[in-house]
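For reference, chains read A, B, C and D in written order, and residue numbers begin at 1 within each chain.
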């Protein structure tokens, strides 16, 4: 396999805001530290969970730097640097590399639907400007474009694109990746309710916001898979499934913030137009967390 | 669990026709015998693979009787009895029971989209007329209606509806069934490319036409799961995945017939408007079967 | 334009059943007569509205003969003869022609998804056995297959396929037909809520069950279009839109039967699994009919 | 009707870039002037056609100011001010109002799917900060969220939200708007291939990039509708349909730039990742423009 540092549970921190909806870096570091001590195998700031698209350039840079400082090399760091324009993607990718990121994640954000050639050119142009590895991320629901397996294969010909994150929620895509790419390329699951199916299909890691709330169940699932113990993996998976579905259905930033609140941890504020879960949604989440 | 006889590999025979497009019962029995001796744990005549909706009442009855005679109790028999009208469904269900079927499978066929109440009433009315167990089958692609998990739960309150076959191709549905129904109800996977994910999710059996072509790989997968050996299951699954995808994409009756031909076995003729695979499709299938 | 008799409002009668769910031919004739005297320009028995797929061969033949007898040449008759197999489609097409139908309507019913070649062959084989014109009908929701405009073009090369009925509900399909086929082929709208858009796009006729309940509004719309009076057409269309949407959403046979009941006309019984509208649905329909 | 200035053909200018992919304001003004002299009834800078989401805040401000200067009150100006966050939407809305815009257009851009309450709050918060009218824009394909008719009705209760632009491509939505909102609210069509159907349904105007290439055909369609001449409207519509479909399928900024080139007009450069049409696409567009 193309060498890579990332495997197991790749935890996504939220980006907390203060009352005036400014990024709260001090609180961010506290929440990040929780992920680090709870056993996650890597962290990924500025993902969807971290509401990256809602942040200004300066805010993104501050979060990137805060992450590197807090992690201090304890686990690998994967920084989200996606942007609608190629120029801005390069800018953020270079910033992340210079700040000390171990890899960057890029989803081809799309307002005007991009052609396959435009997407390949976008990745290629960015990749040439950095030396750290790139995780290409496919998530039509948020990125607006669905990269076919054939397109992903083309993108993987770029030397420092070494990882694929799949979030379509279709396990068949993972079958394709595994079968076509064999052991040369690692693929990662980004769809929480598919965690068991994706590991069964051979995923190298699970990109997830769930460790903010249930870190032990997440690592237990990975360990069962490592031990080739499907029965245990199934048992552990069904224990956490209700929570995984809830946080996906309600939106990760909102749901994680609410869950932290239930666990007595300050998750800060959201940035508008995102609003907190309703009272009844919080109650439902409380019941799910109790059962876990 | 509600007691049931069905588990493992439930094999679906094709219904072969002669040159005049009449059902060829003698050839049917030969093809069925192949499934029986190759280790399938049960057989299911008059499924989609058996082109049940293309047959007359008399033809369906002949196939049912031929199956019971040929099987001679060696494995359990699950007979498809679905029909657009409730009256005809009852007719065929009673016929199958009298002929000696161990269970019947019913998909609520839909021309005019049925309401949930109409579907429940349909199942209930049929169920009251027979004593053998019923497998409720969800397959929006062929049946025209997608039964929600909530609706399936209602149908399962009918005493002799004891099994669910899921063919939406969405592993999340199986998660739901497993979590909601626990160990009280068995669920079966009808989506071939989901075979690994479904067993990982806890499916009791796999309803499949693949044993017509690759019986050993099918049972090997089931055995690996029984042995809690995920690594082996994954290996065996990826070996057969290309074939599973091919037969689904090309249509089971066409693809199985073509595969039998490649293996030197007479699969008879198809009934119009269904036509044989094209030459290039047959060539593609040949390459896939060689690799297996 | 290839000469054809059909234009304007092509009315679809329901097939009423008696208490024992047997076809009630005597009541059928009465309901058909209402359509004839109310100004419809043609009638189409054994359509979706007439629950053709739920009928036995004998019942279909009885309905066909009853229609010809009752119409007595007053308007052209278009008989639905679709069937899952080619052999049965031929059978019913020949029966309809012999009975005196002016044309037959064929939707390529699909259980196993048909390839384009299979569909062309199906139409071609049937067309060669009859001399009356064929209306090719595209309705993925009930037929299970969506014929692309390119496929429709191929089918129209068959000499006696002279008309297209489009029920995808996508006005763009009609644009395509009009642009590609010009004045050589007539296209008909089968999507009730698209009636105005389809006529604006150049449809020759409207295939609809609505004349069972609101014949004058239907013909008023057609007349406004004939008079090149868009303002009037818009006004008349919005008057009937609520009803058109209701009957489509609830299913035509159920909704027409309920509407007849509200108007004091006996619509007979439905055949299971189809059930009458609920009380609250009937009330809603009552309010809509009052406003009309 | 809530008083509004906008009706007829609302033309969308592209935002041209120079070789270094910087916004070329001088070229922008020339292209805008073409729209003004060709008879468009209003102009709408910073729409999808104007690649608004790809611009920095400073660039958006420059385009807004250039538009007001160039238009000099000759036609009403509708400025796009949508943004992922509420705070930035307010910022741009206030800027547009101060610069002299007659109205602003807002699509609730969505990365994390917004709830109905979040969308209403977003519109309400912005609306309170300005006095010019707001056109609420529904376009799931680019905005990422599909506002149901019921939600649009809620948003229209905000006093200065007075116009709806619909780009789902589903004429039924326009029927709903017309029927529910009657003459109180104007609705505008944003789906080019639906131009005829939308006017037939009662749309007040057509938001379109087509006047960059075929201004006369666009205004001819509107005039035919104003004259209640459906036959003429149909004729004029079919003349331009191929072009309308082409520019939508290829993406408006790319297609308009290519079309300008064919017509001998400098359309500047695109901003990466957007790339020019391929040679064969340009050739296809050339043939379409010749036929017009």
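One rule holds in what follows: contacts are C-beta pairs under 8 Å (C-beta built on N, C-alpha and C of every residue); 3 or more make two chains touch, one makes a residue touch a chain.
This is a predicted model, so every value here is computed, not measured.
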Touch-network distance, chain B to chain D, counted in steps | 2
Residue-number overlap at the chain A/chain D interface, same or different (half cut) = same
More Cb-Cb contact pairs, comparing A-B against B-C, go to B-C
Measure off the straight-line distance from the CA centroid of chain A to the CA centroid of chain C, and report it in whole Å.
-> 52
Give, as an integer number of Å, the spacing between the C-alpha centres of chain C and chain B.
-> 35
When the C-alpha atoms of chain A and chain B are each averaged to a single point, how far apart are the two points in Å?
-> 39
Shared-contact residues (touching 2 or more other chains) in chain C | none
Where do chains touch, given as pairs?
-> A-B, A-D, B-C, C-D
Chain D touches which residues of chain A in the complex?
-> 21, 48, 51, 53-54, 84-87, 108, 111-115, 117-119, 121-122, 125, 142, 144, 251-254, 271-275
Which of the residues in chain B end up touching chain A in this complex?
-> 169, 171-172, 175, 178-179, 193-194, 196-197, 200-202, 225, 228-231, 233-234, 238, 241-242
